[in-house]
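Take a look at the structure below.
Think of it as A, B, C and D in the order they're written, each chain with its own count starting at 1.
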Amino acid sequence: MTEAYVLALLPFLAAVGAAATPRMAAIWGLCATLINLGASILLAARILSGGDMRADLGDWPAPLGISLVADGLAAVMLSMTAIVATAVALQAMSWGLVQPRGGQQRSRLQAGFWPLWLATLGALNALFLSGDLFNIYVTFEILGLSAVGLTALTGSRNSLRAAFDYLAAGLAGSLVFLLGVALAYAAVGRVDLAAVPALVDTATGRLALGLIFAGLAVKAALFPLHFWMPAAHSSAAPAASAVLSALVVKGALYLALRITIEAGAGIEVLRIALAVLGAAGMLWGSWMALRAERLKLLVAYSTVAQIGLITLAIGVADDPSTSAMWQAAALLMLSHALAKAAMFLAVGRIAEELGHDRISGLNRTDLRPGVAEFAFAIAAVSLIGLPPTAGFIGKWLLIDGLIDRGAWVWIALLLGGTALSAAYLSRVVSRCLRGGPHVAPGARRPEWRTGDVAALGLATTALALGLGSALPLTLLNGTAL
Amino acid sequence: MTQLFDALLAVGIVGVAVAALFANDRFAAVGAFMVMGFLVALSWVRLGAPDVALAEAAIGAGLTGALLLRSARRLRVEPKMCQSRWSVAASGLISIGFAGLLYAAITSVPTVPAYPPLVAERLGESGVSNPVTAVLLNFRAWDTLLEIAVLFVALVLVIVVPVSRVRPAPLGEMVVPFAKVVVPLSVLISGHLLWQGADAPGGAFQAGAVLAGGGLALVLAGAMRLKKPLQGGILRATALSGLAVFGAAAVATAALTGHLLGYPDGQAKIWILGIEAVLTLAIAATLVLLFHGSVRRVPK
Amino acid sequence: MISLPLWLIPAAPLALLILLSLKGARGAVRGLVPFAPVPALLAALADPLPLPITLDWLMLGTQFALTDLAATFLLFTSVLWGLAGWSAMRMLAADPQRDRFAALFLLAMAGNLGLLIAQDIVSFYAFFAMMSLASWGLVLHGGGAAQRRAGLVYVVFAVAGEVALFAGLAFAAHAAGGITLAELRGSDVPTVAAVLIAAGLLVKFGAVPLHLWLPLAHSAAPSPASAVLSGAMLKAGLFGLIVLLPPGLDPTPQAATLLAAMALAGLIVAPVLGLIQGDPKAVLAYSSIGQMSLMALGYAAGLAAPQAWPVIAPALVLLATHHAFSKAALFLGVPVVWTARPGMARAAIIAALLLPALALAGMPGTSGWFAKEALKSGLSAAPAGWAVWSGAALLVGSFGTALLMVRALTLLSATPHKSDIPVDTALPWGAMMAAVIVGLSVSGLQLPAQKPVHVGDILPILAAVLLAFAGSAAFRYGRIAFTPPRPGEILALFQREPAPTPLLALPAPPRSGRALARRPKRRIAARPEQGGLAILTLAAGLALVAFLADAPPPIELGNPSVDVAPK
Amino acid sequence: MSTVLDILGTAMMTAGTGFLLMAAFAFWRLPDLLSRLHALTKADTAGVALIVCGAACMTSGIAAVLSLVLCGVLVALSGATTGHLIAQASLEDEERA
């Protein structure tokens, strides 16, 4: 479990280092991210070869102490986080956080970004490894607070306001979640994840689960509670948006998935409620994305839609002890994380080159489409769920399971959502694909930056994951239920 | 008699909360909030949780109140918020229904929590005799480490987010003698709380809060100038040392025993006290910095 | 002979695509584009055919194999892509966007070649989608208003087709219990799945009510792209139908009737609408619709009389091959005509183009005639009722094609000279013409028995030529003015003058300088209490729902390991 | 002995509580800031001191008595200081206005 210890502790220590020595912050950040990547790969390899791992912290057994649990699902999530983290760190190294407004401010933003981002990374790792509901609540606190910081980092009026909304919504969600955990303790007398199956037997326990899901819905920006999200995600700096949209909401979605897996068939009603909300979110987010005027807002609303899709997948998944549909949700999360991070990084570069991010202004004459547009297009392919991306494999597994059940309504919703996502993403992609007379002969190419590497690398990873999706599926298959 | 007291307390808490929500003046709202904090602390005493009561009084009511007061002073005056009756009525109704539901849920199943017997059983191995400290710094020390990380993130947020423009001015000649008495006392009390935490209610959080009170008195008296790079730097380093030392201790335990945060046999008390001592200082420094705001100079 | 690894077929263009991203290698890659389909060509010509391979680690387990049928398709597809690639690289040599075109071209090529050898549903769909969507970029390449509109229509049809195909394949795979094509064919495909698959493929096929994208895309895309669109990619639809939904043991009269009706509609609609077009490439596109309708007719006959399928299938393949070569020769000829000023040179080129044109019209002795004869003999095995009108349909088809060819060549000879197109685009065209001629000489050997030439075979062509003369004389001396309609048929009704706006466009916000002049209003959660109320309501609602839910039956924790990973 | 101390302590605590109640009543009824402050600081300090003394009478052990005295001293100190600060702040506000 050494890798797990490294994953859980290293980012926090590096965050302290970055906060203490602002000039070296970027170096701290990059080193920590790279070690983190290595550790997550090692952990995944260990799990592939040796099966699930479990460590009781302080050698106190589970109901008394806290356990770290590293199984296939956790490994997939950790690797996803590590990959996105590496790309984000690369992008932030180059930077680009905002339009330059003077060296001092930029360096201050740099110095602030790294500790917050490393704390986010540590919280995510701790969350994915944790086997204890209360411990997860604490990780959510770190996650929420540092995400607010990332939102507010640019210091613009809009972003501060969005950050405040985010803070308020996040705190409300935390409280609801905490209430749920407390009730769970009241119901079964313990708060480790192994207690979840016992929760469904009593009314109090189910009530607790309902509250926990409600708290997660706020944290994940599920449809009617997504009000804080588009503003927050679209007003933050590109690297921060990528983290927020690709990773932070995944924490809540991961826990929802984990709890539905643990709870088994017992919470049918709650799952249906989740699926309905997810479907509504998918349609609403797509509709708003179709109408968005700004690129960042479009991408942010597409996150609302994609979260809806993932929640739908979590909600409609059959009893995990008999069906593998939940793996579809995990794969969708994975592909969304990679593609959405790539997309936000690409949008950041596009906005940087153009000086604005209006969609109608993408038909420009003085600047040719560059690598960022290309990365955006690949990410779009992954988000729509076209083969050979992981998104496609996820949708395939999902539809396969749904056909098994004859759940035609869900299938129709899913396909409709797919078509809508193709529609709103093609608004952007078509403008990037067009060549021809409106590009002036002397049009310059955008400069090549490290940020491009990050976006392109993530996008191609999303593509490659579909080709090599046997690997995550094998990992997930080994997850003990 | 005690039941009458409890009932009064409950009514009081709810009443003060309503007053805080509907007060039109910001200062009045913050005042009501602070009063509510103290009443809640009292209720923790009634519930037999003196540790929580201490923390609630010191942090929930005292320091949070101070932070809120400071923020309220800085906010510009806004036109009176007009809440629509519809939404107030709807929230009220839903809240009442929700509370009823929770009551029904809690009373429906009598439960025997698993923790107290478990903790009592293993308390001897934990190195301390106060069960709360044993849980916080031994059985579930990982939670506490992450909570320190929460404080750390809050600190970074305050340092980074560029909103701090006003700094607390020294409050004048009357505060200086006050501080001369209060600061040594707070150091003494916090040391006492820290040491006592091993076997009776107390511990790093409470001690840190008391120490932070002393620090605030120094700041308000103008004796601590955080604008000066040296003083600000020392305070910042102290604040950051909490997470750093706790994390390093975790690494060290993992190296020594193979279990993260598993203390070597027989040395648990020393480890716990050492960590708590650093945490006390770090928590105090963090709280002072949170109150003081950004210590960096804001570029014009 | 060393057996060629099959994965090389799609991998070759993809490898070039990756090389294209290196700045230094771009010039070389542009030169190599025509050779990207060479592995495919070698595989198609290899004897014995390359061995099937299985790649477990790729997606959900990928299988490649080259069947006899696929080898034929692969043959003409690879030749077409190679020559079109050559032509495109010559024609766009000065275009600043040529690298992007090359990238999308390679991607579409990989898709088209890959789907011919895919043996499992996932990779088939993956390659199909790759081909369809990469072609979107080919259609959009010019960047003008016509391209934008054609691109929009194309992508709407393509995405709708993809979604239908995906849904259909998913249903079918589920019913078959596996994802290989063999399992799919061996199982009873549910009707809804078959309908969805067919709908997805028929969009690509250009069957009549679903053909609206086709003329627009063909006339908007650069000529080499039109050549592959028409010659190779339409055939992918046919290939898909044959491979995924081969006529089973039992006749399916409803499906057959429906398809036959679509085919007949196509045979009639194509010449009528094609004749009034003003763009030679649009006319050629309509002739493609007509030819594809012939193939649809053959497939429909197969559905109606499965016992005749073994006869019909080779005829369809022959027809497809012949059409691919001839149509590609015509499309590749278009830029060559543009390079020549009106005069002797242009006349010579047009005369040369007569050869594929006549072949398409089914002139006896040409490959078109053999293909049609083969189809006729196949159709004669169809149910009794069909013989009556299938002969007439073939006749109408030939007549219509001939008319369209006359119209296309007439329009082509009158197009203005374009000086910006390099003269050496003639080289790939010449190669294509050579391929056509070789095809002509070889195709005769394919039929076991030579059939006598009827007068009826030449009649439609003669009639068409006469009618064309009469018509042009009437127009010229009757002083009838004729304005070609706007492209897009029914869709033209939805088009607003003068510039088409994309369906999803929004009014541009006012701008000042480069900055955003007006920020969108912050409407979401303008009031904090609304957000709080929403959270409270949802929490209370979920809690209530959960609280009131019945306690579940005790779960038995059985064997949890569920296997979906590829074996 | 103990009964005497108990009675004494009870009496002092009752008196102290009375002072505090008076202070609260005054805080509620008096018209302006300075007069409220006037009532509050004195009555408050006296009340707390009485309660501390009363409680000290009823406890045994020097440590408890010491900590009670500490409470009384701290309340007296902070009451005086805050009263002064509030009065000064209101004075400044008046000068500004």
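In the analysis below, a residue touches a chain if its C-beta (ideal position, glycine included) is under 8 Å from a C-beta of that chain, and two chains touch if they have at least 3 such contacts.
Computed from a prediction, not measured in an experiment: that's the story for all the values here.
S.K.: Which chain has its C-alpha centre closest to the mean of all protein C-alpha atoms shown?
M.R.: Taking the mean of all protein C-alpha atoms as reference, the closest chain is A.
S.K.: Considering only mean CA positions as chain centres, point out the chain farthest from subunit B.
M.R.: C
S.K.: Take the average of all CA coordinates in subunit A, do the same for subunit D, and state the distance between these two points in whole angstrom.
M.R.: 56
S.K.: If you average the CA atoms of subunit B and of subunit D, how far apart do the two points sit, in angstrom?
M.R.: 27
S.K.: Can you check how far apart subunit B and subunit C are, centre to centre, with Cα atoms defining each centre and the answer in Å?
M.R.: Centres of subunit B and subunit C (C-alpha means) sit 68 Å apart.
S.K.: Nearest whole angstrom, what separates the Cα centre of subunit A from the Cα centre of subunit B?
M.R.: 31
S.K.: Any chance you could list the residues of subunit D touching two or more other chains?
M.R.: none
S.K.: Could you check subunit A for residues that touch two or more other chains and list them?
M.R.: Within subunit A, the residues that touch at least two other chains are 202-203, 207.
S.K.: Would you please write down the residue numbers of subunit C that are in contact with two or more other chains?
M.R.: 530, 532, 539, 543-544, 547, in rising order.
S.K.: What are all the touching pairs of chains?
M.R.: According to the stated criterion, the contacting chain pairs are A-B, A-C, B-C, B-D.
S.K.: Under the stated contact criterion, what part of subunit D meets subunit B in this complex?
M.R.: 70, 73-74, 77-78, 81, 84-85, 88
S.K.: So in the complex, which bits of subunit B are touching subunit D?
M.R.: Counting only subunit B, the residues touching subunit D are 171-172, 174-175, 178, 181-182, 185.
S.K.: Going by the contact rule at the top, pick out the subunit C residues touching subunit B in the complex.
M.R.: Listed in rising order, the residues of subunit C that touch subunit B are 527, 529-530, 532-533, 536-537, 539-540, 543-544, 547.
S.K.: Mind pulling up the subunit B residues that touch subunit C in the complex?
M.R.: That would be residues 83-84, 87-88, 90-91, 94-95, 97-98, 101-102, 104-105 of subunit B.
S.K.: Contact residues on subunit A for subunit C in the complex?
M.R.: Spelled out, the residues of subunit A in touch with subunit C are 158, 161, 165, 168-169, 172-173, 176, 197, 200-203, 206-207, 209-211, 213-215, 217-218, 224-225, 227-228, 230-231, 264-270, 273, 290-291, 293-294, 297, 319-324, 327, 354-361, 368-369, 381, 386-388, 392-393, 396-397, 399-400, 403-404, 411, 415, 418-419, 422-424, 426-427, 430, 433-439, 441, 443, 466-471, 473-474, 477, 480-481.
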